[in-house]
């Protein structure tokens, strides 16, 4: 019998509520365990801001996006050892035996640091950016890819009807995972990712090449973190240099739109998908992953396997040491990029 | 037996291909009629750029977005009477008896002008902006509203999870139809439309009011054409004046985001839905409307009812004189706005 | 200031919760009105089974399918004048000034009968069958058509890949509305509806005809109430008579499947869409209609316009006398059927 | 430089066209390879029924369901060694160096047998049943799970509104994969699969138990191959025996519906999802998997790695010997079933 604290940290994403529901239900079927949720991520532990998590209270949330607990980007180590003591005090006051922290790279690093301080906890990886190491997949990523793919499907018909270049800017921070996966699934003609700085001249050459072959429209998927190659000194079609400076407002795609139009003369339009990629009902894949991670997290707590993170390896849910999982972030798979690139131009 | 020319003009939208398919199929079942499509809207008549439209060629396009004929914003009167003669010559060369012009306000005005010049034609209204007069609905509008509503649904969960103000900028040019309808369908807490210039102070007061009642998140739908009230001298919460000037890049929502954050201190995020509202498979409603308009347009041509536009009146498809339909644009229904406003704040 | 009772009767459909939410919100913005919901349709008035409807309690239900009040097919007149007295007593005990009854033909007839007995009420039409008279549309119908259309889209690819005849059985009781509208929107090659008894021989001839023209697959949409023509004595391709008797289990489509395979030799498969047509989130169209009907219903109650039903006429929400609305059920529009038939064979 | 034959066999599913597109595009970027498609699976090799597969011809099919090549269940060994010789002759006549066979268990066994006869080929696994061994996933499965999950979401609201037991029958032949995964993702209250014969008495007890706890509705997902436990001698609530015999028409769910109603008295409704699970646009996940498998299959042919099947292992695409992959079918993962079962009752 245990009393378990639960929190969600970092940016929200579809599937968080499905994890919370699974954590609680598993604990209730395994005995007289109880659950308390902390509101607003680690901040809830500083503020002792809690809500009791019951079966009734977590019923019907499987299909929801977002998180009933709210979230924040508060770092649990931000207040130093005094802050850690506050967390200990809150846990003690609430009678909590262990924590389950559901979050991305930042939240899980916070969890790891607290575990180093002796606080018993386990982690569940979620991120639409797919940059958490140690697991084949994190909750939320596949839903974001599906949403971006649906959008690219819609943009395809407009691109064709108007003979336009359509730029689609997707999320991912400094990772190109959403861009490459949605680009592959949506049949993109070019994909620009942070991991492979691009030359605007090469992008425009590819567009020219397509036009010469009678393909008068193109879809370019751009990761929000994509950057031009620093020493881009290639051939210049439009009399413009290569020193692009990207406006904050409008993202990189607004700047690219102007640059491509100026260099190629092709009508170009940009769409920034934005926050729709983080919200709404999770795909079946993410609901399953979230449910499996959630039940496994409660099992790990009840078995005392602290300092671990739930992980998908092939078709299995396993636990890995947080320390090991966080050693490196999950790099963009070059094979996936190369497969997507088969369809460029 | 007739030979009929078909074109699509203006911005693309879902349902255009469904109209083209219906036009052709109706003509084929009614006798030995033939159809020729002009590429790129009225431009295709200037350039004699054509494609034969057969049953086989229009099979399978019911479910597609965009237009197989391509489109442009070319005005058929842009070359004066010489241009009209070019159009006459093209029609004569192709042996065309009459035209079916599928388009929005601009395309239909061009059609009306050509009809005044004696060119036999009928029009089919399409627009995501819903600003064509004389009909209860135009092809494409309901699909755009559905897409925007789906996006608002997704943004709701993120707004809740992060206690944020989420701005959603939708299309509509100088009309607030998409904003009001999607805002009503998505449960928006405020809707800003061109027809009702807003006061930023009132918007912020409403957000304050919601917060005081414990609603720490809000969804604001903003039409791309929304503008602040000119003499907005209301109470100022944040020390900022009311002379907003909206950047072209990023749309009005980028500016509003900064303004609301500065005035209220609430975390605010903007999403500009953009071209996804124009593309992809049409809803069942738009497929039906497009199919009914398309068959009726061919019937009108075969019956010699030229100078008319297809129109939905209640549940009936009827024809109205282009002249009459274009007298005024379809104004935003105040009752619909007032109904949406019941749910504000 | 009024206290208003609300109930939902008959089969459930998407948009009921949106009506309830709008009823309540409109009443709260118009003054100190209060609302009480009766559980399980008219049964809730017999049993005094109630739930208070507050703003908090109706928040977040706009996007839901089904009804938070539950529903039943109980007829309020089923207990005669004693039953009516029970209803009066319940209303008196609850301090209720008037009722808003949300339902289809059956529920609204019950409402009309109670109104004849002097009970103040207004009605809101909902039905996926689209058979309520006096209004251009009822809540739920468009969502059902959209769901059926999505299913037909999916079945198309299987029909093509396997050169099959695919039967899709849709709901509608004795009305062919869903079949015709989804069939038109989905591009059906034949649509069988109760209003036009079919000859199996003609259906098979049409399939033969398509095959001869190289179309080796077909989609047939069948309304659950479709019936064969009684004196079907046409040519018989397969040596089978025309006296089909349809099994209850499996619906008419199971029987049709066997009959078509036996007569034509074409591989044929049946899909019965069933209850998915009644559930899940409503389309934007139905959310708007529900919201407009709901606010108008409260307005009608507060204005004392009892014995009326909310109705869509063109783009306007109006009230019609229940008596007049219920005189005839909404017949299948022959023009819509004939337009769909343009694409047969 | 190679000339490669391509075929799709067995039941159709979403993602087949995406594999074909990827096979061809990879071959074209790697040199002057050419591709010929065989129509109707292995039957196309018997009949020399072919279509040239070009870049233009495979453009735009990424998002489609079904297969442009058509399919059949013809076994290539069904005509013995004479038949194998016919296949050899066809390949020789077409100048084909190797085959890529895209299919499920049956098609891949045929491929394996031909490989044993010395015909150079590779296989790509597709099946909505998820029963192909040697790979973490096959093309089509995730889309089928998503479709079934969407349907369960819709049925949930009807179940709640009417206090009903809703049975949802899903595909899977003798495998319970779709049932368990969609059941988990849809929040099912019971899941009946072939791998775990059920006792009707236990199912009814669980429903009773839920009712006692105030949950007056339930969702039961039933795999089409689910069977009752043979020696089901448990307690009987309704006076009925346990010797269920399931009608072919209507599937097991029709029988279960009657049985559950009779034993519990709860209103029960069955929905058989049927062929919608096989059709329509693939999910982003399946488009990616199909694209990766397709490019890898062409790579395997060009590298002469014959007798292999493409396989997903974790996040990697690898090749496994057909012989090894087909040794056992992919059994239902007991951990996944047990995780789904946490939420039963």
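Every chain is named by a letter (A, B, C and D) in the order it is written, and numbering of its residues begins at 1.
By our rule, a residue touches a chain if its C-beta (ideal position, glycine included) is under 8 Å from a C-beta of that chain, and two chains touch if they have at least 3 such contacts.
The structure displayed is predicted, hence computed values, not measured ones.
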{"item": "Maximum centroid distance from chain B, chain identifier (CA atoms)", "value": "D"}
{"item": "Where chain B and chain D are represented by their mean Cα positions, the distance between them in whole Å", "value": "41"}
{"item": "Averaged-CA centre spacing for the pair chain D and chain C, given as whole angstrom", "value": "34"}
{"item": "Cα-centroid distance, chain A relative to chain D, in whole angstrom", "value": "29"}
{"item": "Interface hub residues of chain B, defined as touching at least two other chains", "value": "153"}
{"item": "Pairwise touch network: line, ring, star, complete, or other", "value": "ring"}
{"item": "Inter-chain touch pairs (all)", "value": "A-B, A-D, B-C, C-D"}
{"item": "Residues on chain D engaged by chain A in the complex (per definition of touch)", "value": "22, 25-26, 29, 62-63, 136, 142, 145-146, 148-149, 153, 181-182, 184-187, 281, 283-285, 287-288, 291-292, 295, 313-317, 333, 335-336, 339-340, 342-343"}
{"item": "Residues of chain D defined as touching chain C within the complex", "value": "8, 11-12, 14, 16, 64-67, 70-71, 147, 150-151, 153-158, 160-163, 166, 247, 249-250, 254, 269-276, 278-280"}
